[in-house]
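Chain nomenclature is as follows: A, B and C, assigned in order of appearance, with residue numbering initiated at 1 for each chain independently.
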Amino acid sequence: MFVSKSIQSDHKDLIHDVSYDFFGRRMATCSSDQTVKIWDQGEDGEWSCSASWKTHSGSVWRVTWAHPEFGQVVATCSFDRTAAVWEERDGECRADDQYKSWIKRTSLVDSRTSVTDVKFAPKHLGLQLATCSADGIVRIYEAPDMMNLSQWSLQHEISSSLRCSCLSWNTSRRHPPMIAVGSNDRNSSVGGKLQIYEYNDATRKWNKVETIAMVTDAVHDVAFSPNLGRSYHMLGIATRTLKIITMEPLRRDAALSGQTGLTKFELRQVADFDDHNSQVWRLCWNVTGTVLVSSGDDNKVRMWKGNYLGNWKCIAEMKGDGTRVDMENRNSTNQKDVNKSQVPTRNYRRQSDVTYHTEMGPPQGTMNIRRSDGWPTFNTKKDQSKVNIL
Amino acid sequence: MAERERDPYILEIPFTDSSFGLQGTWGLGNQLFVHSWNPYMMEGAQNINMKQFGTHIHEVLWEVDMHGPVTRKLVNETHNIFVTLQNLAKETSGSSLKPLLVKASKQYRSVLKACQLYLRSMLDCEESEERVYMFEEQIKIFDITELIWSLCEILWIDVAPGGIMMSQLLEWLRWHFSEGNSLYTDIQREEQPEHHKDYWDCIYRLVLQGQVDKVRILLSKHPSFRMDAFQSMDEVLRKMPQFSQLYRGNSLSEFEMKWRHWRSDIERRLGSQEFAISDNLTIIARILCGEESVFSELKDLCETWYHMLVSKMLYQKPTIQSIDLHFSIQTCMNEYRSDGRLGEYDSILSSAFEFDIHQVIKDCSAALSGWWFVAHLTDLLHHCGQLESHRLQFGSNLREFLLLDYATSLMSHRSLWQVGIDYLDSCPEFGRQYLELFVEKIPIESERKAHKVLSVCEKRNMSEQVKSICKMMGMQCIKNKRLGAALSWFLRSKDVAFATLIAEKFLMEYNENGQFSNLDVIDNLGPNMLISSRLTFLGKYREYHKLYEEEELHAAGSLLLSLLTSRLAPREFWVTLLRDAITLLEVKEIIYGSKETYELMHCLEELTKDRQYLTPDQDPDDLADLKQTTDLLNLALTRNLARSIVMEGNIKFS
Amino acid sequence: MADATVNAKFVSQKISKIRWRPSHDQYTQESDVFASGSWDDEDCKVCLWRWPAGESMVDDDGLEFDSGRDLIELSSAPHYGDVSGLEFLSTDSIVVASSTGSVSLYKHHRSSQELNISSKWEGIHHYPSGKGCPCTCVATQGDDLVVSAGEDGRINVLNVSRKEPLRTIDKANSCTVNGITFLMQLEVISVDSSGQLKVFDLKQSSDEPCKVFSTLGEQIPIQCISRHPTQHHIVAAGGHDGVLSVWDLRQDKFPVTLLEAHSAPMWEVKFHPSNPDHLFTCSEDGSVLHWDGSSVSSLVTGTGAGSGGGSLFTQHSQQNSGSSNLGITSPWLAIESGRQKMDITTLLPNQTLPVNTIDILSQTLLAGSDEESIYMLDVPGIR
């Protein structure tokens, strides 16, 4: 494991969120400097900033990409009590106004307090997005016509009665739409800080199906893991500890849930780590939901992986090397240099038997593998198949 | 055996004050982006001194071992062996599979060896110190990997009948400890071999590896070879029972008896001081007798405990069965333990000699980095039946777990995804799920690549993903104003909604400009137009235009009418169609008979009644224009009706 | 027929294009140097290789193999974006098309073995926004004329001595143009994703194609095209469905023959340059096929062999009587009657990943695959 390159973001204030597009070739960053920047990876693997614009009149907490089926679209949420949807004007922009190539399609102004999280629904649910805010309300918006992103209608308002800090959509296709909402209310007497909502197709309503009682501390981040065809859902929760829980839907028992129509779950805690000492702030699953990264109060990023027996353990941690940032240097780097500002890798590579080299870039030579016993030797009769056409 | 746990790997991020927060975000595959941040800001904390934060974003990568140019050769070449093996394993089973597995194992090793040789050759012409270091590290890893692999092959894959694998172990030694053989070659070239400083060392080394023929050649070059002691030694060496006899029909007990005879003979000679004049010959004799202490004395020539183990067993218990080897491991290891010469790899080898497959795989995955080795080895062992439940509780899961990790590391590379997919294919439990997640995330830069990704999906009936990729490609085309190309993507995935959307865009274009673009696509729709009624209408309406241009007015007229009466035309397009009808009504020849004219009138009436289309939210000019059209049409229809009735009457009466 | 000898070399790059260098000497066909282009990587490359003639030896098992024959990399140069097209213009200059929408001219300096870009037509394929759009193919004529086509449906005509395109046909196609080749000095034929062949006369000022050919039925994209080296009215095209189609451009708009062979998109088709009764194709399904039409032509003059058993291939004849009237000189037009024998041989076994490109000169066929390898096959019996 090593740092392959460092990108100078040029944000004038703290970065709050970094979000990858679906392919990992574009990156959006948002910051307290009220701007969002879009970064594109060139054919040569280098990142360059292709757009940077002021999005809100307050700190931008989160930025998130819509599925590329809907075009190049990001959503942001901010301290300024709004969330916004932005679309890249591909066919219209010219080279000289690249910084204006993203235009605001809509501003979602229903919240009366800071909007703390925004997430697009999985693509099979169409173009929907959910926001949550400090006033404890989760809002679900929908754009009925995906060719027209300026029309969003507020479909649902769910009051969670606790200030909300984060939300996550369940991406599973085989279950009804589901959202987990976390609260960072510090009062532990008000009970579970993680609520699960499920959409009922018949009543067209979102219902609270579960309040996870085992989580009573403030929740800072929550994320459903990709489902992988399992019968249960898996949730990562960043709270005072890092928790991983599974939720197995129970078969609907007519007597129990007949009246309410709510799904019941069997909850199981699979992991609970306090390595971060005190608060865990953010977490993020990899593509397949097999590795989780978390960041916490110990100022470290940790990586967790489950083995084939389902036991989770920390496999790596990342921490600052203690060097202060050279502000002067930072301000003097212009856009062009930024792209080239790669940190030589070797200096930061630790000698360990886990990783032993970064890249092998020797000049191309020749190696013609020719073994009489092994592949590839093709000069045998059976390799030839002859077909006749009549 | 207790699991040897590994501590988490620690990475320091440059330019980052360790007293502030860090946050990590996943990229694709094994790629993480790390930047500093402060969570308390979101909690409302103010006045955070920005100077203390970095605004760098650091890209962190891992498990990229297989991404270098040399290792990529390994990845690609072994991929083919792997796929071939999986197919063979499906078709064959039991004893007929075994030779195939042995062959595959040897093929894997030969590719590994070739890569190693290639690295060596590059090392010679490399000047950069860093590179040289890297190459040397890589060569070392390949070396160890091959050593472990070939041992595993002897123990579990190419299992000798009865578990008597001494001759295989000797070959293993000769292959990996080549000092004896290279000294032998050097010394042979000398004019006076016995004066070479390593003459006797070389002989001992060869004896320890059981290479008696070479020992005899070297001894024969000694000036004292004619002496009795040398002659006696030569005779002993010549008479040493050969393992090849064991396979040539001799039974085990016959062979053991021969060996006992041979050993008692040499013990007798040793006892009767036959070799006393030469210390060197005495040492050889002591080795041949399998004397415990002589191996300790020669431990530097054995180099490692496992060399010692095999040498010792050769002369102490040549027919030892593989499962009994472990009784002697500890004494050999103890010889080397004091020097601190035991490392991570030694524990892997000792686990292998102890037949603890699980531990071997576990330690290899920890010590050797990258999943290439463990994934392939585990797969082989799985096919050999060595991971069956009576040995390991979770055998097949372990195989899949490792293959998935290997595939994941390949999917993290820009170019190796095609190889990764084949590995996912051979994971019965989660392979498909992984593939579904990964395949949609493969960046697509060109149509050619899209076709390739789609081929992968179509081959595996992943219709959901096909639809999604086509939709993405189509949307991109729409953004780039390439409607014809967009349509071809939606047609490919049979996406009715979007094919309709494009058809509507074409029609809108016609409504605005009075002509069609993308004619080459529209004229060539063929049966594809049937997937959406709007597309059918577009195709048919364009057909009407062509007929009209070719002055096939009757055919054009009836096609136009049928578009209206069949309700294929969208209501908002009726005005346009009726306007087209005016031109047909005004030609000299009568196109529409009375029946058809009535039908047209009926359509007009229907349209007039449907206010939505007659009073749209348009500016007054348009509305007036519309009014004019209806008036014109009414007039034309009435006139045509009159004309047609008259004509039809004439026909009837004539 | 004797079996082919296959040599494989792993080159750590997925090969998208491979081309023999035209022979220096006009009178011999031999060449031992070829160029390759790679794709889908962080750094794509254009490389020149030498494949020296080898001596055959017989190993212990009685199998023939070449001794001491090793592929040598002469030089390599970086390329920005995927190499989507590559053609030699002369022995020392190569035209390369990029997925970024540019076309570059690489010069090879024999003395220093250096390979570098001597000129570049930047962004000549692009979207209305100005953003680059993949160029998909190039073709060359003489030693200075180049045409390129792309996903933008545009065709550019370039002259190596001019910085700007000589001519641009902006709306040559509503779909993606997948392949292009010269029919005559100033006439090109293109194939596209809507399954059409369009002939453009570069002398005329009109942007309209002068002839359009199409397959019947559903629009199956056509991926590649090759012109018969001597009979310029015959072209072979490879479809997305793996079907090989042969067209007689003097005929109506439909193909003379459709032959199913590959199970996935056909990426390239090549007539043998000096022995055009032989044809080679490669495909996404990982196979390389050798189509031997020489037996067909010998049968044409005979009484017409009776057919036996069901045909493995669907054959499609549009004009049953058409071609015979014209006097058959090529087996490719004769197979339509469905009674002739066509030998098809699989040249590459055990290949699981796609073969993107092939080229043949004399007896040696080159193939480049996504398995990051180059194959050099000796195909005996052809000169």
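As a working rule, a contact is a pair of C-beta atoms (placed from the backbone, for glycine too) under 8 Å apart; a residue touches a chain by one contact, two chains touch by 3 or more.
All of these numbers come straight from a predicted model, not from anything done at the bench.
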Worksheet item: Which chains touch each other through the most C-beta pairs?
Response: A-B
Worksheet item: Among all chains, which one's averaged Cα position is nearest the averaged Cα position of every protein chain shown?
Response: B
Discussion item. Taking the mean of the CA coordinates per chain, how far is chain B from chain C in Å?
Written reply: 28
Response to the item:
So, in whole Å, the Cα centroid of chain A is separated from that of chain B by 25
Worksheet item: In whole angstrom, what separates the CA-based centres of chain A and chain C?
Response: 44
Fill in: Multi-chain contact sites of chain A, meaning residues that touch two or more partners
43, 45, 90-91, 364-365, 367, 369, 375-376
Worksheet item: By residue number and range, which residues of chain C touch two or more other chains?
Response: 10, 12, 42, 81, 99, 127-129, 131, 350
Item to complete: Find every residue in chain B that makes contact with two or more other chains and list them.
Response: 69-70, 73, 77, 80, 84, 414, 445, 480-481
Worksheet item: Which part of chain C faces chain B closely enough to touch in the complex?
Response: 10, 12-14, 39-42, 81-82, 84, 99, 127-129, 131, 133-134, 136, 151-153, 173-176, 193-196, 198, 212, 214, 216-219, 221, 240, 264-265, 284, 350-354, 370-373
Practice prompt. Spell out the residues on chain B that touch chain A in their complex, using ranges where they run on.
Written response: 8-29, 31-39, 41-43, 48, 50-62, 64-65, 67-71, 73, 77, 80-81, 84, 103, 106-107, 110-111, 114-115, 117-118, 121-122, 126, 130-131, 134-135, 137-138, 141, 344, 366-367, 369, 394, 397-398, 400-401, 404, 408, 414, 430, 432-434, 437-438, 440-445, 468, 471-472, 475, 479-481, 501
Practice prompt. Write out the stretch or stretches of chain C touching chain A in their complex.
Written response: 3-12, 42-44, 47, 59-61, 63-65, 69-73, 76, 80-81, 99-100, 127-131, 259, 307-313, 335, 338-339, 341-346, 348-350
Worksheet item: Where on chain A is chain B touching in the complex?
Response: 1-20, 22-25, 27, 29, 31-32, 43, 45, 47, 59, 61, 68-72, 90-91, 116, 123, 147, 184, 220, 226-229, 279, 281-282, 284-288, 290, 293-295, 297, 299-303, 307-309, 313-327, 330, 343, 346-348, 350, 352-365, 367, 369, 371, 373-376
Practice prompt. Under the touch definition given earlier, write down the residues of chain A that touch chain C in their complex.
Written response: 43-45, 90-95, 364-370, 372, 375-381, 383-390
